[in-house]
Amino acid sequence: MQLFDFNGGVTPEYHKEASTQSPIAVSPAPSRNGLKNFLVIPLHQSIGGTPRPLVSAGDRVLKGQRIGAADGDMSSAVHASTSGQVVAVEMRRMPHPSGLSALCVVIEADGRDEWIARQPFDYHQHTAAETRDYLRDAGVVGLGGAVFPTHLKISPGKGGKLDTLIINGAECEPFITCDDLLMRERAEAIIQGVVILRDLLAAGRALIGIEDNKPQALAAMTAAVQAGGHQDMAVVAVPTRYPAGGAKQLIRVLTGIEVPHGKRSTDYGVQCFNVGTAYAIHEAINLGQPLISRIVTVAGNVAAPRNYAALIGTPLHTLLANSQPLPDTDRLIMGGPMMGITLPGDEVPVVKATNCILVGSPRLFPPPPPEMPCIRCGECAKACPADLQPFELYWFSRAKIFGKAQEYHLFDCIECGCCAYVCPSHIPLVDYYRFAKSEIWANESEKAAADQAREQYEFRQLREAREAQEKAARLAARTAAGRAAATNALAMAPVTAPAATSAAASAVTSAATPVTEPAQTPSPQAALIAAALERARAQQVQPANTTNLTPEQQAEIAAIEARRAQIRTQAHPHLPPDD
Amino acid sequence: MTSYLFIVLGAVLVNNVVFVRILGLCPFMGVSKKLETAIGMGAATTFVLTMACGTSYLIDRWLLMPNQLEYLRTLSFIVTIAAIVQLTELVIQKTSPMLHQVLGIYLPLITTNCAVLGVPLLNIGMQHNLVESLLFGFGGAVGFTLAMILFAGIRERLEGADVPVHFRGTAIAMITAGLMSLAFMGFAGLDKYK
Amino acid sequence: MNNSPYLRQATSVQSVMLRVLFALLPGIAAYVWFFGAAIVLQIVLASLTALAAEALVLHLRGKPLAIFLTDGSALVTAWLIALSFPPLAPWWLVVLATMIAIIVAKHLYGGLGQNPFNPAMVAFALMIVAYPQFMSRWPGTDAIDFATQWQIIFGLHANQALDALTMATPLDALRTALHSTNATTVTVASALAHNPAIGLMAGRGWEWIAAGHLIGGLWLVQQRIITWHLPTAFLATLFLLAGLASTINPSEFAGPLFHLFGGGAMLAAFFIVTDPVSAATTPYGKLIFAAGVALLTWIIRSFGAYPDGIAFAVLLMNIAVPLIDMATQPRVFGHKKNGSNHHG
Amino acid sequence: MLAALLVMALGAVVLGAALGFAAVKFRVEGDPLTEKIDAILPQTQCGQCGYPGCKPYAAAMAKGEADINQCPPGGDEGIRKLADLLGREYKPLSAEHGVEKPKALAVIDEQRCIGCTLCIQACPVDAIVGAAKQMHTVIAAQCTGCELCVPVCPVDCIDMVPVAENITTWKWKYPVVAIKPVTTQ
């Protein structure tokens, strides 16, 4: 099969052997030996909206029970990873570079690990939309690290068919071996997940790309494909070069197709899933188990590097206990040494994005030499797999000229770290891009807020103008009506109130006030108003369906009226109730 | 034909209006912060300068010289140029509001751009005929535009440089202009080649 | 605590600069062999001045001295100035030039990595415009002993005898001959035939210095310090232009070997044009930049008022670098064509 | 002398006529500049600039009546953008118009609110809801932090609370230029 190449990339030391010596272990079982064990399950674990909590402190939950419901379609549910009692729904520190907190469900495990009722989901019997909803509610997200909700990726492109389904088993970052071990040990299950993906996407073929430094995984996967007799699937060994496991790079290597930033790859006839995701789909569909655990590599500065099947929500100190971090440990990194993030502490939980916990030490990851100015040597451009000019992005990001940085395609940067890896000036280039990106995002949301405020303000001005106009119109109408009524009243006055009124009227009239301005005279005005009200009352006929009401009905109407009034005031706080 | 080419090339490179004759520095410094504005200004100046050279030649040849009014040259040229600039501004404002906005206050500045007066006067001094005048004016303007664009390119990049505080902005721009002028001295002698 | 990537390749600006200095050694050795040890004195002078000027500015700007003084960039500038200046130039000329290069051309723009113009070439161009008479003092055959050279550099030698001891560069000699009053009868061949400065291919000794720079430059390419783009485009363009012109009119235009080995072309091709800070950075941009320098060099050498146009040509192309880079942005992964806008 | 006067007069007449014609022929209505300036302003509508809203301030700048450094919420960044757009030199925020503050939202202490509706009338973007004699509340998503509601409240029940950073609004910080090697913990 013809393979393609991508530009750039680097070949750092891989360090993968240590953690592949022993098979996947089950991370410390919850609540052993009577010790209390808490799981901290963040509600927000995927791209998109934060799920709404479905439980509160004191509730008992079962393993696999949904505890957070997807907030709209661009979101994914979360589940209890074991059975036990919810002790709190509160803010806890997140595995995030900021070290900030977010809403988490804290579960005290009861040690019984009691499942909810599990039922396979027969996707052949359901529509595509129903299957997507099922996967959303099963909390399946991309396990390669980006945690993009999987159900959003399962829609074939134009024409309802997909040329190529790509399964990413490249795993190019140093130290990380979770996909490698998963493929070695659970190849059959992965292939069953690939079958589901292939069916859902109506894919013509499925290519499973694995870097050629994982011969055992390649063999296992090839065997599984052959055992299943899948003619439309192929396991492909791709050259080992970081970042061959980037989705865009792997698509390029396997098919020659380049998916630009911001475009859906299905529009180009390809879609890419991580092997872990395929495994999670298999568990969700065929076994009825939502995503409550994942394989996590523990590597780096530890006595016993190893892969663990860890429950989501397991605090890192629990996970790390078996691997024994060495005394000179100075940091914990989630992810690999190229793209990972430094964690704020060891109490943060394993989340769906946690593919690796890399334990760092000054020996393993020495502090960077001092940053020198960029000399535009172009090494970064040679290493950039996105074919960018990283030194230009740096130049403008550093000077906070974000518009220019965007012109040089800042957002095509995948933050793989190759540029910083090769930089002779030791510039933390990716930090500058992250900074520029988050500033640009903040500016954009500020701009959106400003636009909204402008709209609100202009609407208010419009409304005030209209109100003023209406008020003036009402005033004018009332004056006109008053005048008309006054004329009538004056005509009627002698009849209804002969003596006093006429005397008063003539007195006023004689006091040099013209008769044509009766509104300014107090007593005729009162009389006019009284007369007008009287007339109005006489004219008003009650509608037929509101006569002879029972007290209950009247009470109901009153309640409805009250509610309407309330709604009116809420919607238009400045409007008169009848506007 | 080659002599015409030499007039244009000489005006663009060897006797560049900005770098060698040091004319038109006001818009050169003022409108060169961004490439877009520099191109716009260059285009507007090219139009005005070529027009100015043609009309001033005609005025000189058919109005001033027959009446022995050569002493009115500067005055009448200024008036003519001012009128052409105003006309250009009105036309641009109507036809391309974006360009007008980009050029902003600098469009009227062409009026006071000494290059636009200087080149017609040089024309008279060099006793160019109409075609030569137009070509010399065009060449001068292209040279001005070239200078503007090159300078704007460097300034856009300098915006990201860690220039010492006291030299930021106009100061470093002046130094850069000086060094560019130095580079253009390398063209010296090319127009005198036998 | 730094962020990812936590791994780094073991390279540094310092090692890059030191290797550039090392690559200059073969050329310097040839220089000393043919023109005496004056060049070493000039290199020492320029280096000391460069380090002092660098230290002064760094101190004024409150930047760390140790890191920037040891990065080697000031030394590279200093060595290039010394190598491009005449070895018998008065000491103050080299000192002044180096100070201008470091303070004005480099540090006013923010220091290492930020200067749009090649500092050494700024110094050279400024000095040849300001002091043309001192910029043609190349040691004649009688002036290669160090005692004489030392005296000339520090102004201790009787001035009237200077003319006898110095001579013009091959390029200068050719230009002067071709532009002299009886230029109509002088051809390239006749001008070069009886000139003491002329050797096998180009200048006496010059060709060997150029060869030394060529060897050093090729080593830099092999070390992946510089890419092939810039030197190849520069040398090829100069070769083709000179070859074409001398074929058409051999009496007026010198041949390609004379152009490549007779002046600073080799030094320029591998050490000046390749200055990453002031040169174009995109692959196509590098080709355009270097070809442009070669074109302008040939034009100024052949038609202009200055004997060697490399400095002016480099500065002129430095001016155009931002535009060249803008116009030659490589295609971004997934995008359709060069320089297309976001999400194109 | 006469010839000179005649020539100049002729020139004046011809050029004047041409310009007059052009002025009529190429007349332009409207002012696109105000819109562009308005797009830069933060739309807090706070009036700190001395104009009754962002649009009027933009119009004043377009006419050249107002300076570019009168908008505290827009801050330094805003002034730079305005300087860029209008081709003027950057200048620091004018002190008489206020200081740049971190973005804050108005929060009504509902225990103390007496339901007077004064803040509702003061809010330029209708971000406060409530009715007469009923407690009011601020729609956080629409509040621009203009502080116009604060002074009008008769019982001082409105506080400006700075917006706290959370996981989604957190920004990567500017990389600190390390001059000495970073020492580890």
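Order of writing sets the chain letters: A, B, C and D. Residues in each chain are counted from 1.
Please note the rule applied: a residue touches a chain if its C-beta (ideal position, glycine included) is under 8 Å from a C-beta of that chain, and two chains touch if they have at least 3 such contacts.
It should be emphasised that the depicted structure is a prediction, and the values quoted were computed from it without experimental measurement.
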Interface with the most contact pairs, given as the two chains involved: A-C
Farthest chain (mean CA position) relative to chain D: C
CA centroid of chain A to CA centroid of chain B, Å: 55
Averaged-CA centre spacing for the pair chain D and chain A, given as whole angstrom: 31
Mean-CA-position distance for chain D and chain B (Å): 37
Residues of chain D whose C-beta touches two or more other chains: 179-180, 182, 184-185
Touching two or more other chains - residue numbers and ranges from chain C: 1-2, 64, 67, 110-111, 114
Shared interface positions of chain B, touching two or more other chains: 156-157, 161-162
Chain B contact footprint on chain D (complex, rising order): 3-4, 7-8, 11-12, 15, 18-19, 22-23, 25-28, 32-33, 36, 86-87
Chain B residues within the chain D interface of the complex: 30-31, 33, 37, 59, 63-64, 67, 69, 72, 75-76, 79-80, 83, 86-87, 90-91, 93-95, 97, 101, 104-106
Touch list for chain B against partner chain A, complex: 156-157, 159-162
Of chain C, residues touching chain A in the complex: 1-9, 11-13, 15-16, 64, 67, 71, 73, 110-114, 227, 276-277, 281-282, 325, 329-335, 341-344
Of chain B, residues touching chain C in the complex: 35, 149-150, 153-154, 156-158, 161-164, 167, 172, 175-176, 179-180, 182-190, 193-194
